[in-house]
Structure formats: C-alpha cells, structure tokens
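Some structures to go through are shown next.
Two complexes follow with subunit A in common, the first pairing it with subunit B and the second with subunit C.
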Partner chain A sequence: MTVAVAFENTSRHFGAVVAVDRVDLVIEEGSFFAMLGPSGSGKTTCLRLISGFERPSEGLIRIFGEDSNDIPPNRRPVNTVFQDYALFPHLDVDDNVAYGLMVRGVPRGRRKDEAGRMLELVKLGGYGRRKPSELSGGQRQRVALARALINRPRVLLLDEPLGALDLKLREQMQDELKAIQETLGITFIFVTHDQGEALSMADQIAVMNEGRVIQTGSPREIYEHPRTRFVADFVGSSNVFPPEVSVSFGEAEAWSSLRPETVSLAPPGTGRVDGHVVSVRYLGASKRVTIAVRDHLVAAIIAADSPVPDQGGGVSLVWPAGSFHVMDDD
Partner chain B sequence: MRSERKASVLLKCAAVAGLLFLHLPILLIFLYAFTTEDTSYVFPPPGLTLDWLAVTWNRPDVWQALGLSLRVASVSTVIAIVLGTLCAAAVSKARFFGRETISLLVILPIALPGIITGISLRSAFNILDIPFSTFTIILGHATFCVVVVYNNAIARFRRLSGSLIEASFDLGATGFQTFRYIVLPNLATALLAGGMLAFALSFDEVIVTTFTAGQQQTLPIWMLEELVRPRQRPVTNVVAMVVVVVTFLPILAAYYLTREASSSRST
Partner chain C sequence: MLARLSDTLWRRPGLFILLLLTPPLLWLGIIYVGSLFALLLQSFFSIDEFSGLIRYELTLKTYYELLTPANGDIILRTIIMACAVTAAATLIAFPIALYAARHARGRLKAFFYLGAMMPLWSSYLVKIYAWKLILAKEGIINWVVEGMGLAFVLNAILAFPVIGGNSLSVSYIGTFIVLLYVWIPFMILPLQAALERVPEPLLEASDDLGATAGQTLRHVTIPLALPGMIAGSIFTFSLTMGDYIVPQIIGSSRRFIGQAVYAHQGTAGNIPLAAAFAVVPIVVMAFYLWYARRRGAFDAL
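This part shows the complex of A and B:
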C-alpha cells in the first residue's frame, strides 16, 4: 500500500501554544481518513499542515514520500473543501468549479466540459450559471466539493464537511461523500468533532486531544478497544469505570470500559451485580436503561421489546466474560 | 386622521423648503452664467445671453486652471488607490507590531483641519528645499485622498473572508493570479467609490492647495481670485456650471454601478 501522507514527529507551535505536538501518523492512499477530536485538539492545524497553509515548527510532512516543507500550497497535489466553503462570490458556479483549471491555463472549452462533468458528479448538473448566493447551504457544499475535485488531487482535505448542514442533509451527504470517494479512489482526509460521523464514514480514524494523536485505528477498533479513558469518553457513550469500581464488579483493578450494548438485564440476584433502575429512554429499535449499582451508574442498551422493571425496581446486570476492556489512565 | 393629513402636508412643505434651500443657490449660479450684467449680480438679471460661454472658451487661464486641477486630482487619486489599497491589505490581513498605530496615522489627515496639514506640509517642503510645484500640490492632496480609499478598501477587505484567498492558492493560483481574479474583483466597487470620492475631494480643495502651490492656480483657487475681480464675473458662473454638470455624471454612474453590484451580491 502506498503512503499518501505521513507526519514524521511533526509539531506546530503558535507562540507558547502547542497546537500540534510531535505527531506521527501514516495515512494510506485510497483511504477515507478521519481526524476526530474536540475543538482545540489540533485536528484543523493538522489539515492545514497538509494543505501547506501552516508550516511545521519541527518535523516534517511527507506527501507521497516527498518532503513537503518547502512546497507552497499551490503546488501540492492536495485540494481542500473549506469549512465555510469559500466559494468566490463574484463568479458563477461554472467559473467557481473551473477556477483550478483556469489558473493552470486550460482553454475555455475544455474548462466548461470538465466543470459540467464535475457538477454532474455532485448532482448539480444545470446549476452552472447560478451565483453562489443563489444556492442553499447543501448546494454550496457540493459546488465546493466539485471545485476541489476538478484538479484531480491525489488527496482531498475536508474541514468539518458536514458541520453546517442539518441532520437529514448531513446523512445524505455522508452517503454521497463515501460514494464519490469510492468512485474516484483518491484519499479523503476529513476533520470532525462528531464521533458518529467519523465512525460511519471513515475507514481509519485518528483520535486527537491537546495536539497529540491518542489512538489510530479502524472505527471498530476505536469503538471496541479505546486505548485511553479520553477515547472511550469521546468516541462513544461507553461506561467508564475507575479501578476500584472494576474490582468491585469482579474484574481487573484498572480503568476499564464496558460497552452498553454488551450489558443485559436479569432478575435481581441472578447476575453479576445488583442495582436499581434510574431511567429508561427509548431510542426506537432499542432502549437505553441507566442502572445505579451502589453509587455508580451503568448504562445498558437492550432491545426495545425486552421487559424492564419500573423506575426504582431492582435488576441484576449480566455481561459476557471479557467484556471489560482495560485502558490507560489518561 | 385629519391631524395626520395635516402633519403630512406640513412635512411635505418642510421637505420642499429644505430642498430649495439646498439647491436654489446652485440654480442661481446657473442663472447668472447667462446674465448680460458683468460686474455685479442684480436680481432679476437685466437680460440673458449666451456670450459668456464663448468668452470662457477663449480664456487661456480657465483652461490652465482646469488642466492643473484635473492633473492634480487624477495623479493624487492614482497614488491614493495604490497606497490606500496596499495599506488596507496590510492592516486587515496581517498582524504586526504597530498595526493599530498605522491605521490611526493613515486616517489622521482627514480629521486634522486642512490648515494644519497645509502649514505643516509647507514648512516640511521648505526645510527639505523642495520648490513648490504641481508635485507639491499632488503630495498635499494625496495625504487626504489616501484616507478615503483606505477606508473604503479596509471595509471591503474585512468582509472578504480569508479563506477565499486560501481557496485560490489551494486551487493552484499564484499570488498574482489570486490578486487579479479574486481580490481585485471583490475590491473593484469599493476602489471605484473611494477613487471617485478622492477625485472629488482633490478637485475642489482650497486650503491645503494655497499652502502647497507655487504660482499655479487650481480651478477652485482661480475661482476665488476671479470673484474679487469686478470684470467678466459670469465667466466664473459658466465654469461653475460646467464643473457641476461634469462631476454629476460620474457620481451618477458610480451610484448605479455600486447599486447593481450590491443588489446582486445579496447573501
């Protein structure tokens, strides 16, 4: 597998602030890669290091093996879909999309054909003569996507691509982005603070916090085997237990995570620990039950049709052996 | 209902009176361009004639003054557009030590009374041994022309999102292409409006000019001199009339140009 982008001990300081802290990261060609983290975790700075709008204070970024530290943004095989789309307000959709070809001196006729093809790809055929101000938010994003793809970049960067869209549009765009990435076969790297988005779209995720990459892996690895408490907290609505609680539950004395969907309910006295029901929330096909065990809350996600005692009722909790996942304490 | 109607009639009267107060003097200037009486302004004019147009046309001093004014206004406007745009770009897009101070210093000349600017420029030219000429008038005018261009440009720069410029680089454009295809088109109407205002300010400037001019006369100074001479007075009125007509056209054009641009940019 070819490596598209590699961070080699890369740091970026802004004065005393360390935005990116000694990051080592390998992003393979053709992958759909997510950089996931809370705001201020350095994920957008990482994106700007790849696009070339920031230079590493230390270390380097390789793009297809080449040290890119001295390559300016306009000569990198990388294009960006900006968070605010950054469409040129004085140009119509056609000219926006064809801009990358225009500045490279491609003749007008070919530019128009190519722009038309890109607009078809993002399902905006026939919108070429409109101005960006005449488009909806979702349409603007499609134009930004077509514009970034027209130069046939080897890597496409997307900065919070779905952040400004409403829920329905967001789900639709997730599917479409995934489909476009599979059609073109190029590397997509996107930045998001939404773990759901990262888990459903990406095939590789890097979880970031305070300028560092905490864990990289497939969505399944990240979700099922969070390496640290931070990842467990941030990535999913997992149960996180301190060492003393883990021990009292009969498990190893260490910070541990327990996925709510592995927990099931049994009559009092028959399971591993006893507690009482605090709340029940319906989630459609399932429901989320919160149970107090001594003074610790445990969440369980069970099928919507399984019986649950009333609030305050006693239950016992059951989980398969090996469900507890031991994590680093940080 | 009744009182409301009364108030609106009153308001109409006030509005008409206000407009007359503003514009009647200008109409009177037009009227006296055609009077037959050439030493004093009597009302009503004893007779009307078109002779003064021909007289004005044949006066070389009018042409000289007009030529100088146009030259000064054009050159200081060009200087103002170049310097004002560059300065606005620096102040709005970069962070550096003394940024706010520079912004203040650029705006200061318009807040300063013209007489202060005039005196300080005059003594500066004296100290530096620069002879008074067209060049010194242009420098004097450029000090306040830069301000209006700067103010227009900086307001537009602030609205121009930084990611537009980054997007252009990202798509492969060079710095020059980004300026040519992205920055300039978004700045154009602001520069047009600023440039016209600068031109108009320079064209009728008197105070700074009296301090920085040598023997030459710009049009406003020529008019001032002409008014105290009791001979061929209507020539001044003819010149004033032509100036009003000629300056009104570009202002009208600018108004329609910027209006169309802003209505099609509604977001």
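This part shows the complex of A and C:
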C-alpha cells in the first residue's frame, strides 16, 4: 500500500494556541479517511495543512512521500471541497467546474467537454449555464465536488462536506460520495464532527481532541474498542464508568465503557444490577432509557416496542459477559 | 397620546415609512430632480446675439453652438482629462486598497484610513495653492530634481507638445497631478470596501485549483471588486469633469467644461450655453453606466 499523506510529528501554533499538537498520522492511498472531533479539536487545521493553506510550525507533511512544507497550495496534487462550497458567484456552473482547467491553459472546447463529464458524474448534467445563486444547497455541494475533481487530484479533501444539508439529503450524499470515491479510486479525506457520518462513510477514522490524534482505526475498532474515555463518549454516547463503579457492577476495576445498545431490561432482582427508571426518550425505531443505579446513571437503547416500567419504576439491567470495555485512564 | 400614535404606526407600517421618506423624497424630488429638469430646459432656450437676452423658445441652437470647434475642444479636453485621471486613480488606488483590505491589521489599518481620508479634511483651496507652490518653477520639485542633476529629464517631459509647458504648475501634467491627488480618495475608499467583501475562501479555492496569485487576481478578485471600481470611477470621473477651480489655478489657460459653465452663467450671461455645457457630463455618465451595466459589471452585486 502506498502512503498518500503522512503527518510526521506535525504541530501548528497560532500564537499561544496550539491547534495541532505533534500529530503522527498515516493515510493510505485509496482510503476514505475521516478526521472526527468536536469543534476546536484541530481537524480543520489538519486539512489545511494538507492543502497547504497552513504551514506546520514543527514537523512536516508528506504527500506521496514528498516533503510538502515548501510546496504552495496551487502546486499540490490535492483539491478541496470547501465547507461553504466557495463557488465563484460571478461565474456560471460550467466555468466554476472548469476553473482548474482554465488556469492551466486548457483550450475552451476541451474545458467545456470535461466540465460536462464532471457534472454528469455528480448528476448535475444540464445545469452548466446556471449561476451558483440559482442552485439549492445540495446542488452547490455537487458543483463544488465536480470542480474539485476536474483536476484529477490524487487526494480530495472535504471540509464538513455535508454540514449544511438537511438529514435526507445528507444520507443521499453520503451514499453518492462513497460511490464516487469507489469509482475514481482516489483518496478522500474528510473532516466531520458527526460521528454517525464518520462511522458510516469512512474506512479509517482518526479521532481528534485538543489538537491531538487520540485514536486511529476502522469504524468498528473505534466504536467497539475506544481507547480512551473521550473516544467512548464522543463516538456514540457510551456509558462510561470510573473504576469503583465498574467493580460495583461486578466487572474489572478500571475505567470502562458499556454501549447502551448492549444493555437490556429485566424485572427487578433478575439481572446483574437493580435500579429505577429516570427517563424514557422515544427515538423512532428505538427508545433510550436512562436508569439510576445507586447514584450512577446508565443509558440503555432498546427496541421501541419493548415494555418499560413507568418513571421511577424498579428495573434490573442485563448485559452479555464481555460487554464492558476497559480503557486508558485519560 | 404618544402611545396611541405609536400603536397606529405599528398597525400601519406603510404610514410610518411614508412619514420617514417624505422629507428626503421632497428634497430629492423638488430640489434635485426639479433643478436638473430646469437646467435641461434652459439648455433648449437660446440667447439673442444682439440684445443678449434669453429667448424662451425651444430650440437646438444652443447645442449647435456647443459643437463649434472652440467649444468642442473644451468638451474633448475635459473628457480626456477625466479619463486619464480616472485610469490613473484606478491603477494607483488598487494596490493601496488591496493592501488595506487584505493585509493591513490593527493600527496599520487605522493608519491607512487616516492616510486616505486626511486629504479630505483640509480645505480644497489650501491644498490646490499648496500644490501650486510645489509644482512651481521655484518649487520643491524643481529644487529636488535640479539638486539630483536630473533637470534635463524634467525639461524633456515639459518639452512635450500640448501636455508640457513652462513649468509643471502651468502645464496639463500639473493639472492632471493635482486632480489625481484631490479625487483619488474617492477611488480608494469604495474600492477598499469592495475588496474587503471578497470572501477569503474564494481566493483559497482559486489557489487550491491551481491558479497563480496573478490568475486569482485577474479571474476572482478584480471581477468581484468591479462594482466598487465602477463606483470609484463614477466619483473620480464626474468630479474631474465638473471641477473648475483646479484647472483655473494650475495648468495652461485653456478651459475645461467647469470653467466654461462658470464663465457663461456669470460674466457672459449666456445661461442656455452654460446649461448645455452642464448637460454634457450627465450624458457622458449615463452612457458610461449603461455600457458598464451591459458588460455585466454589476452582475456580482
């Protein structure tokens, strides 16, 4: 496997603020890579370090093995889909998409053909003469994608690509982005704060917090074996228990996580621990039940049609052996 | 009483807007458009050569008079000067405005605003007379140029026919320099405002797609700043067209439109011809705006 992008002990400071803190990261060619983290975690700065809009304060970025620190953005084999699309308002869709070819001196006729092909790829054929202001959010997103792909980059960067779209459109675009990535076989690196998006689209995820990469791995590894409390909490609102509570639940004395969907409810006295129902929230296909066990809250996600005692009612909790996942203490 | 009034205005927002807009509309309607119309009307009257009295009959006679060689020269001279000043103001103002909008921060930015606005604070006449001293044969420019042993360069420039003269202060070059100085803030400020509104991500997108800095300037920055540039050029162009004091004090004795209007409505008492002269800048500006609009200069608005 070729390495597309590598961070080697890379930091980026803005004055006293450390946006990216000694990051080591390897992104393989052809992967669909997600940088996941809360806002301010440094993920967008990482993306800008790859595109070249920021330069590392320390360390370096390699793009296909080449030290990129002194290569300006316009000469990197990388293109970006910007967060708010950044379409040129004075150009029509065709000219927006063909912009990368125009600045490279490709003749007008070839530019038009190629822009048409790219618009077909993103399912916007026939929209070439419109202005960006005449398009919906989803259509603008597609134009931004076509414009970034026309230069045939080896790496495509996407900054919160679906952030501005509504739920239904977001799900549709997730499938399409995945399909386009598989068709073209190029590396996609996208930044998101939405763990659901990262889990469903990426084949590798780097979870970031406070400028550092906390964990990298496949979605399944991240979800099932979070390395730290932060990851467990951020990726899928897990139950996180300090050592003393884990022990009282009959598990090992260590920081542990327990996925809410592995917990089921039983009549009082029949399960592992007893508690009482604090709240029930209806989520459509499922329900999220919060149960107080002594003075600790435990969340359980159960099928929407399973019976739940009223608020304050006694209940017992059951989970399969081995559900508790032990984590680092940080 | 006041509460009832405020309730009424809240229920009828149209009435409120009408109350707010009436005074400015009266001002604009009567004082401005009205006098403009009166001016236009005057230009279609003519003057009786013998009695020197105005004949109140609609005629195009005054406009024929406008096209005589002597008057045509005045119009042409003024338009060329206005074009030259506008072009030079755009060229000089653009880098300044770009720097102020994109790179200057904090105190440097405050310094820029001060620098651009300061010339507007002092009296117009004081500035022009100061320039007369600067440009005069005994002035500081001549002194510096001579001190550097470059007098022959200045003399070569002044030896050019038409634009040259005895010294800078009595040549078209002098008129041009002073007009440029006086009106350039009106180009810098709108241009700077327009450049400030060009979103940073668009410049990054251009860079990301492979454009050089020059290509980004040409294909993104300038097209998006064009409305500001047009606004600035309207100011510098029309202000230069109408100026009658700068060419009076600095330059050769040949007249500009402003001076012609001043002379004809004053001592000569030929109001119709003065009015016809005053219509020229209006027509030129209207044509310019129509052309700019047709070329899509305002599409980015």
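Simple rule for what comes next: the second predicted complex is superposed on the first by the 330 of 330 C-alpha atoms of A that agree within 3 Å, B and C clash if a C-alpha of one lies under 4 Å from a C-alpha of the other, contacts with A are read in each partner's own complex, and residues count from 1 in each chain.
The rule is short, and it goes like this: contacts are C-beta pairs under 8 Å (C-beta built on N, C-alpha and C of every residue); 3 or more make two chains touch, one makes a residue touch a chain.
What you are looking at is a predicted structure, and each value in this text was computed from that prediction instead of being measured.
Partners subunit B and subunit C clash in the overlay (superposition on subunit A).
In the superposition on chain A, A:Gln181 makes contact with neither subunit B nor subunit C.
By the touch criterion defined above, A:Thr80 reaches both subunit B and subunit C.
Touch criterion met: A:Arg147 reaches subunit B and subunit C at once. Once chain A of one complex is fitted onto chain A of the other, the partner contacts of A:Gln215 are absent, as it touches neither subunit B nor subunit C. Once the two complexes are laid over each other on the shared chain, residue contacts for A:Gln139 go to neither subunit B nor subunit C. Residues 51, 53, 72-75, 78-80, 82-84, 86-90, 99-100, 102-104, 147-148, 151 of subunit A contact both subunit B in one complex and subunit C in the other. Against subunit C, in their complex, subunit A makes its touches with residues 51, 53, 72-75, 78-80, 82-84, 86-90, 99-100, 102-104, 147-148, 151.
On the subunit B side of its complex with subunit A, the touching residues are 161, 163-164, 166-174, 177, 181-182, 185-186, 264-267. Contact residues of subunit C toward subunit A in the complex are 199, 201-202, 204-212, 215, 219-220, 223-224, 299-300.
By the touch criterion stated above, subunit A contacts subunit B in their complex at residues 51, 53, 72-75, 78-80, 82-84, 86-90, 99-100, 102-104, 131, 133, 147-148, 151.
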